[in-house]
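For reference, the structures are reproduced in the following blocks.
Here come two complexes built around chain A, the first alongside chain B, the second alongside chain C.
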Partner chain A sequence: MGSLYRSEEMAACQLFLQAEAAYASISELGELGLVQFKDMNPDLNSFQRKFVNEVRRCEEMERKLRFLEKEIARDQIPMPDPKEIPNSPEPREMILLETTFEKLEKEMNEVNVNATTLKKNFLDLTELKHILTNAQTFFDEAEFEIDGSTISMSDRAAVLPPPPPTASPSRTLGPTGNIRFVAGVVLRERIPTFERLLWRSCRGNVFLRQKEIDTPLEDPNTGEEVMKSVFVIFFQGEQLKAKVKKICEGFRATLYQCPETANERREMAAGIQTRIEDLNTVLSQSLDHRHRVLVSIADDMKAWHMKVRKIKAVYHVLNMFNVDVTQKYLIGECWCAERHRSRIETALRTGTERSGSSVPSILNRMETTEHPPTYNCTNKFTKVFQSIVDSYGVAGYREVNPAPFTIVTFPFLFSLMFGDSGHGVLMFMAALAMVVMETKLMQTKSDNEIWNIFFGGRYIILLMGGFSIYAGLMYNDIFSKSFNIFGSGWYPHPQRYSEHTIDHHKDLTLDPTNNSDYRGHPYPFGMDPVWQMSLNKITWLNSFKMKISIIFGVSQMFFGVILSLQNSRYFRNSVNIFCEFLPQMLFLSCIFGYLIVLILYKWIAINATMSACAPSLLIDLINMFLLNYPLEPCSSAEFYDGQKSFQSFLLLLALVCVPWLLIAKPIILKRQHSKKQVQLLNNNDEFEGRKSTEINLDGETQTSKQKDGRKDSHTGHEEEEEFSFGEAFVHQCIHTIEYCLGCISHTASYLRLWALSLAHAELSEVLWNMVFRVALKMSGYTGLIAIFILFTPWAVLTIAILLLMEGLSAFLHTLRLHWVEFQSKFYKGDGYLFDPFRFDKIIEVSADD
Partner chain B sequence: MNSLNFNIDNGYLEGLVRGFKGGILKQTDYLNLIQCETLEDLKLHLQSTDYGNFLANEASPLQVSVIDDKLKEKLVIEFQHMRNQSVTPLATFLDYITYSYMIDNIVLLITGTLHQRAISELIPKCHPLGSFEQMEALHIASTPAELYNAVLVDTPLASYFIDCISEQDLDELNIEIIRNALYKAYLEDFYKFCQTLGDSTGAYMSDALAFEADRRAFIITINSFGTELPKDDRAKLYPRCGKLFPDGLAALARADDYEQVRAVAEYYSEYRVLFEESSNNPGEKTLEDKFFEYEVMLMKKAFLDQFHFGIFYAYVKLKEQESRNIIWIAECVAQRHRAKIDSYIPIF
Partner chain C sequence: MTVPCCGPKCSAFCAIISFWGIIMLALLGIFFYIEAPALAEDLPIDEDVWAAGNYNYTYVSDLYKQVAVNCWIATGLYGATFIFSCIMLKINLRSSYSSS
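Entry: the complex of A and B
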């Protein structure tokens, strides 16, 4: 079955790299992506390792790149993905990159500083302009109020004591004399507190006028747009002035010199206007320069990022290596697949050549007692199935991998529940579209999680759709309707029923005992469409689907138990074959294997004429356990000779299996152990009962795992491990109970195949009858319009409920059947994944950031 | 507030803060940190912890002050997020936590202005958790009354400040008195607020705040020896919500030297141990460190119970301790003074 059946054979290798060639070799291996390195210095801190300085240099480069990226993003220049992923750079190139980035960062910083100063100037001028334009109104209003003619509040009047004689003449204002003022700009949201604080700390002896600046201004430091307000504060005396200035400083208000007379202000405003215009040209030129610089590097940004990532990854790997005493060699350990060794060696040679070193690197296979990682080579088709298995648990090294079987059984069991050709076709088409446009869709990376899940599972959806079409044809269910392709095997015989009878008697029943209504041959493929219109359709389908579920379910469990035999044989564990596989197999066949035989027998041997006394299989199974076969009702009576004795024999056999399963293995293990003690032999196969005693408390399945001695043989600590009979026995006890009860509950659990199929069929029938059929019943133009209108809700509900919701539910149930009912029979899943050092993965991760 | 309805308003935040708590550095992290040779090493190791890339965008060479700022920034971001997501009473509770930082900031600014420092130089030194709008205008005030009337009257601290208005000028001693008086009023108010919340919040917070109050009482007493602070005034500064109240405080008020303080602590089992184990000899923990250790122990306890606000307070305190630890280690590394590098206070 190829490599999917068991994971790749792994080799633990020792890698000797010459110091000069190390970088090139590792980067070649990174491009190859087939080697998993082991950390040789787990005790060392990240900053105590050999190549920490290089890693730091990479981080510094990344910081600069991030800085540049931020600048580029601020100018909204697109950064295209590189057409091809750049090769990992030489160590020489690292220095080149460093200087480039250094230069760019410096240049960018200079440009930014210049721009900031320019913007600061610009801001100052604009603010001053606003002050000047608004000042006139402030002064007018102020004068108006201060004139005294309009002052109504007495405290306002108290603000203005008679002018002291020493007031400086230059700052006098209008007729009121020595009122001084400061003008400035402050953030708009701070105005209320600003005003309040002014009022309080100056005891009301100031007078503030403010006006909002309508256009947002750019903060030169952050580049954000802020809203500001112009204000003018009028006050009297030096002390207040100091105080006001302090408060302004506290609120980060910028103060400006504002001339007192209107003429001066006008002149100044004109001057400022020209200066603003000058500044604007300079500013736009410097921004242009900045833009040009950024555009020129924008194309390279992503490629640079990848390069730096690669360098950093290589040094991270090198940090895991040991340095030999002579400092000439780096020594590391790695895992790789046995069959990839030649490719790895080639890569190492290329690396050596690239670095111009004469001494070759050496890949040396070594013996290890460690448990190798599990590496299943997958392609884009098998990947999703493997990941379904892996999410339950990664297979142990060389353990039978359920993934290849899952490829078939998963869509098949799904389709049993989702059996509707119409829905299957829709699903198939959707998946087909994804598969056909695969390359294109893959390039446009999406962040949409739901879409990514669907897209990742496109092949499984494709198969599920395909199998559902088949199952739908078998159930003869297409959007809850049936096709009569080959002509039904049943028809009302014209001699027995006249057309009048057929039209006027709703409850006419075709008589299966009488061959006159039967064409003589059954419907050749799938369910006869005549059932679609029969009253007992559900009763019949239930019985049929239940039996089908049992047959497929028990077969899958049989298959699982057989796979456990494969594991035991592969790991040469004869104890498991005779003490676990055999009793398990017997137990399962004696009860449920026999049940399948009975189902087939009933289908073949019992016909309509015997329907009154047809054996009830459920009752029969119960009777088998009770050893009691009452004659009344006749369905529970024996239906073949010697049934009672045969069934009792089967039951006895099954019961014998229980103690066999329970006791045999611990006893044999104990005997083997004591024999070994005597011989003082260091053997592999003994301790298995001891090792995996972790008992999963949720109890369902995971403890029924097959044992093999493989793991112990690789831990290398056999001497230390004590065999404890009690522990082995308890473990086996749990295992036995779990298996025997599991067989029964799992068989019952497979009935979900029927239950979900029933639910799906019923739901789609209800949807048809309640929604779309309403329209079909109408005639004439109303019917036309009704069909037009009602099609939409029917289609939407079909897709939303039947396809998506039901599909999801069927998927989850299939998942459960595989994880719990199937895999619990043989799958241990205690391995760990092979995680090779691959550049493409590292770059992918960085792209996601 | 009872446990049944707690999650409706505060479940998310409690989950969040427990998650944040998981990111607090462990003993093993500290063991790695103290092995650092340079600040770059420190940065590299912090990268592998929950701090992640918080220093990644800083250009080398790294300064301790930069680390300090970034540590604060991270805490503030986390705290502000929680504050923005919270509703009363948790919102009020979180606000109370910030008040202590406001007090520190006010005192810092006043002291700074007293020493003729420019306000722009002082502002960056303020803790961002305790910043408020009028903060930068603090330096206009030259007397406590002015301070109150002009600036603080709009802040939540106004009610705490009323007792201090009587002070005449702002000099060193008076500022210290103001700080302690503010703290006293704050702690008592916070304590009262937590009592109204009741339940586990009340229980855990009364422990935490009682300890805080007692610690302040001890420290005030010890620090007042050799100053011109009269005993009566000193007694007024003791927060009255701790375990020392009332007998212990009365005894502390009479204390004249360290030995007498120690004698007071003798009566309280939890404090006796702290005093016994502390000493000023090099290589042994100081009383301050012992207090910190005790605080950490107390704060960790808050996480053992669910459905109460104590964990928010505890988280901020633990994070603060962690920042102190990291800064301590960073300083030791930066100044190549490794002898006392391991006198940090491990949390978990």
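Entry: the complex of A and C
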């Protein structure tokens, strides 16, 4: 576990892997998860890389797995997660997996095709059965109509010739009557159009009879259920038959051979029934078989997925390597933490042993001019604070990391805004519940975004709750009521207010001067509880909270400037120390440090007897800038000797800092640059070609290059940068304005600590007065019922408004205070995160798909 | 009692609120009993009756005790609600366990 103060020291390394050992070594490194690989072939697309075939095979396997998963999901078989993540498989296991998947896919496809065919047959037989059942009624109706020459209800005249007089009425229509028919089944929606088209195209010479099938039939292709109707068309002659058949085809009506005699129909119906039953048996058995196969593989599905993903990931990494001329070695570059080198080398050795190769892999540290990635080792507690910092910007390499300080300052500033012990206790309990049941809750992966956010921030919520309890005790505010634990410091003096006066007056003024109504010793811890009843509670608290907000805010800004000193010292940037840190520190101290001193002085030295002429700090500060020292309102007059000269001196010092901050650094940088140019011109006689050390715009020279200053030993990338005075000046100008104006505006911005705490206290009080007091103010039994009933809405509103809404609001404001007011004093945030090759992250990411 | 009348979320919510209610109302009752001045503004004081009694303190004191007793009875009621919601929770868990 490294230090969180700065990011880890990173080393750029070259990796030499023997081709046979490559796969095993990379998979070992993937399990370890401490190495970030650089892509050595950025110009090649995915088809030109070396291991493109293996990647293709992996994707084929994934496709097959997806197909199988879909089949399993269709049958609604659950796929449990494996108990442990499987290790990355050997290359030979890949072939085994491939054959297994291919076999399974083929089997599934066969079963599916068979099922479709069986269902189609089943459909045909069912339709035929319906036709046969309904055919008799059709023929009977038709006969009746022909005999009686009645007009059918669809208003068609039966233009069939009357049967010869020798025919008996019960004779069925047969070939001798040269009336033909076709029977079929068509979708119910199509019947009206079908009828109309038949009527029109055959000029009324055909005769349609239809009946609806009551049960819906399953379409084998789509699997959905449709309603169909049986129809019989009677016609005469071959041409009409051809026409009718064409129309039937057009409407996708299926035609069936229907026997003409009733006996034949009965036999056929019986035969169809048995066939249908057989078909059902075969169908159900084949579906059972399919289900059994799927159940047997359902347990392994997730594990196979992970294995295939691991294989694919390893081949992607191998694609990033270069192959050397002898085709035996793979060469790659990577970033790793200096600390972890030995572990990585052990992993490489294990990989070599696993593959059975004799040649060891080599990890060789190399010098590079690229910016290393930022790697912060965090545990489950510090992870959330580091992510808060990283959301704003990832720290530059080896810059001071604000995260460890955030662990304390974030909950502290939050508590200043939230300060209510009752709400703090609730928050603390909720977070404690999450932390204690942490392992169990982590296993149940939830999709709910909001829950995941709260659970991920459980430690920060725990701290915020704990600090809020403390702040609530300081503000003496528990669910908007104060506790009187130690005895109030105020009591009406018996000589000033007798019992009688107290009993008969609604409001009295307690005067703290001359120790009359004030006992002389203050309440030892927190706010005196008497303030809860006083009418000027808010006025008094405003003054107090504003002043402590300023004190904490300016202290945090001072701390930020000191951290910038730490950065400058680490990067050996003395220009920054003299040209940025000193003027910044002086400016801040002269104006706002002095303000803090004044605040403390006023608290300590001024007492209630002097309250008429107590110095107004705000007016005094404004007058200091305007060099205006009036005598008239005694709150603006001087209140200590030599105030005028001292304040003028401070003002002058602060004003001097501005041009110091503005001009000194660009001038010094220009002088440094021209000195270097002179040196190089001298060295030019010795070396061919011009090389110059890189000078960044703000004068930071890389520590790795300082050693190579005048020698020409760069192997990596070289850059020549022209030093432009104009650019440097503009840059410094922006920085100066930002800093100076920022000091003032950020100090005022810290007043939000006061504003939010006021809002919170008021909301809490209003909720109590409007909701719970109503219940308490009822006497007798109605009071009892009211208390029982009104407690719940009071509780729910407390959680919803005061905990969730106000908590979120205070969290957001604290975040802003950290990101802008604190970090703008020192944080560059121009790094990129260390993104190592890790199997567990790949599996987690893919599990979300 | 095989069919729960609240779902799992409802009974968990009721259990938590009742638990909070028990603790808070009990403490509130104690604070009313010891006549904490911070709670003076919450008392059901009738101005006329108090003025008629010449603003003596016993009237206020009685009111304090009365509200304290009210709070404690409400604590008991919330205790009953807590037990009820715990039972509901158990029934819910058992039915979901048996069905899954």
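Here is the rule we use: the second predicted complex is superposed on the first by the 655 of 849 C-alpha atoms of A that agree within 3 Å, B and C clash if a C-alpha of one lies under 4 Å from a C-alpha of the other, contacts with A are read in each partner's own complex, and residues count from 1 in each chain.
Everything below uses one rule, namely that contacts are C-beta pairs under 8 Å (C-beta built on N, C-alpha and C of every residue); 3 or more make two chains touch, one makes a residue touch a chain.
All values reported here derive from a predicted model rather than from experimental measurement.
Of the two partner chains, chain C is the only one that A:Q532 touches; chain B does not reach it. Shared-chain residue A:I787: touches chain C; no touch with chain B.
In the superposed pair of complexes, A:R63 makes contact with chain B only, with no contact to chain C. When both complexes are overlaid on chain A, the residue A:F625 reaches neither chain B nor chain C. With both structures placed on the common chain, the touch criterion links A:W603 to neither chain B nor chain C.
In the superposed pair of complexes, A:H504 makes contact with chain C only, with no contact to chain B. After overlaying the two complexes on the shared chain, residue contacts for A:S201 are found with chain B alone; chain C is out of touch. Once the two complexes are laid over each other on the shared chain, residue contacts for A:V796 go to chain C alone; chain B is not touched. Residues common to the contacts of chain A with chain B and with chain C across the two structures: none.
Interface residues of chain A, counted against chain C in their complex, comprise 426, 481-484, 503-504, 529, 532-533, 772-773, 776-780, 783-784, 787-788, 791-792, 795-796. Chain C makes touch with chain A in their complex at residues 17, 20-21, 24-25, 36-44, 54-55, 63, 66-67, 70-71, 73-74, 77-78. Chain B contributes residues 32, 35-37, 40-41, 44-45, 47-48, 56-60, 119, 133-134, 136-141, 146, 149-151, 153-154 to its touches with chain A in the complex. Interface residues of chain A, counted against chain B in their complex, comprise 45-48, 52, 55-56, 59-60, 62-63, 66-67, 190, 193, 196-197, 200-201, 243, 246-247, 249-252.
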